[in-house]
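Each chain gets a letter, A, B, C and D, in the order it is written, and its residues are counted from 1.
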Amino acid sequence: MTAPADRRVHLTHAHAVDLLSRMTRIRRFEEACAEHYSAGRIRGFLHLYIGEEANAVGVCQALTEEDAIVATYREHGHALARGLPMGEVMAEMFGKAAGCSRGRGGSMHIFSVRHRFYGGNAIVAGGLPLAAGLALADRMQGRRRVTACFFGEGAAAEGEFHETMNLSALWKLPVLFVCENNLYAMGTALEISESNTDIAAHAAVFGMPAETVDGMDVVAVEAAARRAADAIRGGEGPRFLELRTYRFRAHSMFDPDLYREKAEVEAWKTHGPIVRFTEWATATGLIHAGDVETIEAEVAEEVAAAVAFADAAPFEPVEDLLKDVTTPREVAR
Amino acid sequence: MTTSRRITYREAVRQALREALASDERVFLMGEDVGAYGGAYACSLGLVDEFGTERVRNTPLAESGFTGAGIGAALGGMRPIVEIMTVNFALLALDQIVNTAATLRHMSGGQVSVPLVIRMATGAGRQLAAQHSHSLENWFAHVPGIRVVSPSTIPDARGMLKSALADPDPVIIMEHAMLYNEEGELEDAEDHAVDLDRAAVRRPGEQATIVTYSAGVKKALEAAGRLADEGISAEVIDLRSLRPLDDETVMASVRRTHRAVIVDEGWRTGSLAAEVATRIHEQAFYDLDAPVERVCTAEVPIPYPRHLEQAALPQPEGIVAAVKRTLRR
Amino acid sequence: MTTSRRITYREAVRQALREALASDERVFLMGEDVGAYGGAYACSLGLVDEFGTERVRNTPLAESGFTGAGIGAALGGMRPIVEIMTVNFALLALDQIVNTAATLRHMSGGQVSVPLVIRMATGAGRQLAAQHSHSLENWFAHVPGIRVVSPSTIPDARGMLKSALADPDPVIIMEHAMLYNEEGELEDAEDHAVDLDRAAVRRPGEQATIVTYSAGVKKALEAAGRLADEGISAEVIDLRSLRPLDDETVMASVRRTHRAVIVDEGWRTGSLAAEVATRIHEQAFYDLDAPVERVCTAEVPIPYPRHLEQAALPQPEGIVAAVKRTLRR
Amino acid sequence: MTAPADRRVHLTHAHAVDLLSRMTRIRRFEEACAEHYSAGRIRGFLHLYIGEEANAVGVCQALTEEDAIVATYREHGHALARGLPMGEVMAEMFGKAAGCSRGRGGSMHIFSVRHRFYGGNAIVAGGLPLAAGLALADRMQGRRRVTACFFGEGAAAEGEFHETMNLSALWKLPVLFVCENNLYAMGTALEISESNTDIAAHAAVFGMPAETVDGMDVVAVEAAARRAADAIRGGEGPRFLELRTYRFRAHSMFDPDLYREKAEVEAWKTHGPIVRFTEWATATGLIHAGDVETIEAEVAEEVAAAVAFADAAPFEPVEDLLKDVTTPREVAR
């Protein structure tokens, strides 16, 4: 891990602390989620992002408030990296009315329009056309925004992936496609699901510049995302990043994780994004042991507060069941 | 003074598209061959010359992709009109319509609306055989979160688009392919937006209520005419909105006539006709003098030859017979 | 002597899969994660070790592609079982199912049959929210050219697969996700093929008929139990086959009880319940002492929190109340 | 146009006459179709293949009786090249019970299982997964057959195209994919529908050997198809041919053909597959003027007989409407 000048990342002490803090927030938040899932406070499907934090954190560095994000069911990390208040996200997982999606969505459907965070889409590849459409709206309205669209490598097999690559390249839409290649789609290893496992190639064939990046290196991710976002803002059309990563936990809380070797998981963990960045930044003197302690303490407090908030928040009354199926007429006018 | 012109249903759709594009910069039309070709049914012919390729936007053959892009564009502040050539190809876009367009508002807890209009041609009658003749109106009518309308008249072909664009939620407009060449009067000066919530009585009558929509209206009116010749007075109701359904108009009629026949080009089993019939039974059971009758399409993939296709579809003869059954004649 | 074992619905499905793979070389299972993962609901867990990766074939995420490949393989002499993880993702495969599987026989003039079985999990109740909780049974039941079944019991979970594989035409098996953990008795020695054409009376009764299927059966039985406690005798019919529908069994019951309640986890408007209700009105109108009641899912994309999800779905309380309404109690 | 040895085509006089005769049969048959369409005897959609005959004729040379074909709504040429009796095809277009699909299908749904001709599929790209499945059945049953799958370049934008490319390459299925690139999908020119108009590249990215061939040169098509079919039969997995071609007529009889220049159409016509092969084969002495005359006379007779057959054939009785929705139980057992 190095940080050369051309990477467009200014690795000051403050920035390093920020990166580490953001990754740590996601990690500890999700550890708490797993706990509360076991306790029955969170239900449904819960897909943890643990191990992949560098992706969301690195990419979000390249985005401004004006930019938009479209993510999947494995989106807590993206939501937090984007700046959604942790309490609102936790309350959503608890199904409470104080949740960012008023509790209607749960873990898979985190939305926050004021953060231009458009979900939380649980159909594999289903968010891709949506992102292209948001970008199309920006282009047609002359706005220089980026829409970042996250998805897993499993999505690359879906027809919607290819349709969206074509539309976006053809129409030069300002989308930053971010494929988080964690090598598995549920229990299906990439090599048994793609004849050509080079995911970036599947974007490049549409004439879309595509780059493969070490998703365990938050600085590399940030740098690549900044380059890509700059190009997109410069009107050069869509860009594609394949981030090579790994999930440390099972696919969801239902998954007994029988399809991969324990040793493989452990090997990846040793160069996980947090441990790796921490070791490197400490070794180079960019941050100090005290920084890590402070971060952990602050995060622990934030997570505890989020859980307390979620816990205390009321459920929506059952009389409101039919709310928000369609838009009330007063709102529309 | 209002003047009126005789135009076709296709021209009415085109006029509505032109008016929408001209009056709101956020509106654009997107779909396969909507540009130079003018759309599979020539509805948008010439519009690309008026509004350019950005706003009359040809897409690749990628129903799911461009429908989803329409949803995203709607979220992004545009007012997209997505044209899917026909309902048969809309089968490729159902994930986007049902899993995304219809759910976004709800699963975000009301944070977004999806002001998207999707137009598609539907129905049989042109000898296009099993893969090009579906009537899947009830599939769409089944789904909370979307609105479904079906214009059967020239004014509705024009007005429903305007109203659909004013609606904050996804609206599916199902245009029957057999109607595009139909001619009718269009008043120029009227405010042409229509009330999407209401069914319309197309012919008043006393002894039986025929409830239908889309291409069924013409057949029902023909049947009502023949019945009148035999001294039977049948009312014809055009549902217009397939979701939500206007129970009030239907029930008011049935409570008066005490008999109902539903005419629906969908396959009989699982049809929209079943829903309408059930609602009548639920809401007006004790007003009925006979069970509600259904005239639907036979349960067969639509065959190519004309005599078989016509035999599969609802026809005025069948409607007349059904009305008579309710009257025990 | 027949012995019986207590097993889960999931195990019954697995046993059926194992028996099918073992007894017919043409049979293979294909779908996302059916291999090492054992299927989204663990139905095929372990089978890849027994039968290998050719016959328990993991697919890429490509619902349309592998469903279509299943159709082609069926044409080519195989007996594919395609597993689509859930009906929610089946939306991506509807073009292949409706435009190809359901039409091939007809549009080729009867030259081919498509002996394809498609299994999918369906339904709500696990707090999976708006994109993972659909009940679209009526969509499939609407389409000529396919057969649709829904096992609600352990013997049916096993037997329907065998019968479906023996059927020359495409059969969709819709397995409710809430049933996989249900336990019940399975007799080992019985010839486990079942008659796909017939509904089953799950509890006999005299005063009202509750018609349902899938996860609705358990709820209906619970309601019938509660009604019995209040001295009301309700019959419970499990449709089993959603296309074609077994009118005979339903009408025989209704002609005896004079009252009917349909319980259906589909959204109310455009539901299969409407079709069943309409058929009862059509075929037994003059035997009815009250309009047919429907207990369906509320018209809302399924919300995540348990209290709202449960409020949206049919419940025994609602069924009890509906039966009482038909009895004016 | 030349015929080098490595092309695996033995260009004898008999073979040249055969190729020309097959192309001519398609041409004249379809001219008759257009006539009978105008006269109202053929209805629905009618998509003519005129200008593209070299593709079907060339590819079918490489297929044996055991092989299968999956085609589109523009499939009369493929059906005839495959050997379906012209009368049965014409009767199908007339909607008669003597038609190959008993009149139920019409122009878009020509089927003949005894010729292993699996349609006649009118959903763009819808036939591709079907072809993969037929090939999968062959592979699982150890049969060394080829399934040839024809489709237009417009299909390459559909998700199903990419899903099928992946499945086929991943599983090494014995499919010969034949993309007939006639530059237009209805009125949409390729360059406004694909960001990368090199269709072969969209197959190659899946690791599938893909070749672009002059679809106006029947010998080149035959040669390429033979090479590809040999490889497939050799167990090498799928092959992809992009045939560069052009349709001389409008998309269908409903199409006023407003989206392309008359001059463009005329230019393509001057090197149409029939005129070009005839001129070349005559110039090289491979065939003689007399051969052409004989072919035309024989074909004219065959077409006339087909029309007479179709005309005389009865319609199916309306009482049979519900036939063949499902398989009768007696047949099944």
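By definition in this document, a contact is a pair of C-beta atoms (placed from the backbone, for glycine too) under 8 Å apart; a residue touches a chain by one contact, two chains touch by 3 or more.
Note that the structure is a prediction, hence the values are computed from the model and not measured.
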Remotest chain, chain C as reference, centres from CA atoms: D
Pair joined by more contacting C-beta pairs (A-C or C-D): C-D
Whole-Å gap separating chain A and chain C, where each centre is the average of the chain's CA atoms: 36
Chain centre separation (chain B, chain C; CA means) in Å: 31
Rounded Å distance, chain A centre to chain B centre (Cα mean): 41
Shared-contact residues (touching 2 or more other chains) in chain B: 59-60, 62, 64-65, 88-89, 92, 95, 99, 106-107, 129-131, 144-145, 299-301, 303-304
For chain A, residues contacting two or more additional chains: 103-105, 109, 121, 123, 126, 157-160, 163, 166, 170, 192-194, 325
Contact set on chain A toward chain C in their complex: 43-45, 95-96, 103-106, 108-109, 121-126, 154-155, 157-160, 185-188, 192-194, 255, 258-259, 315-316, 318, 321-322, 325
Chain A contact footprint on chain C (complex, rising order): 32-33, 35-38, 40, 58-65, 88-89, 92, 126-132, 298-301, 303-308, 311-312
In the complex, chain D residues that touch chain A: 157-163, 165-166, 169-170, 192-196, 201-202, 205-208
Residues on chain C engaged by chain B in the complex (per definition of touch): 64, 88-89, 91-92, 94-95, 98-99, 102-103, 106-107, 129-131, 134, 136, 138-139, 141-145, 243-245, 266-267, 269-275, 277-278, 281-282, 285, 290-294, 299-301, 303-304
Chain C-touching residues of chain D, taken from the complex the two chains share: 68, 70, 99-105, 109, 111-113, 118-121, 123, 126, 128-138, 140-141, 159-160, 163-164, 166-167, 170, 323-327, 331-332
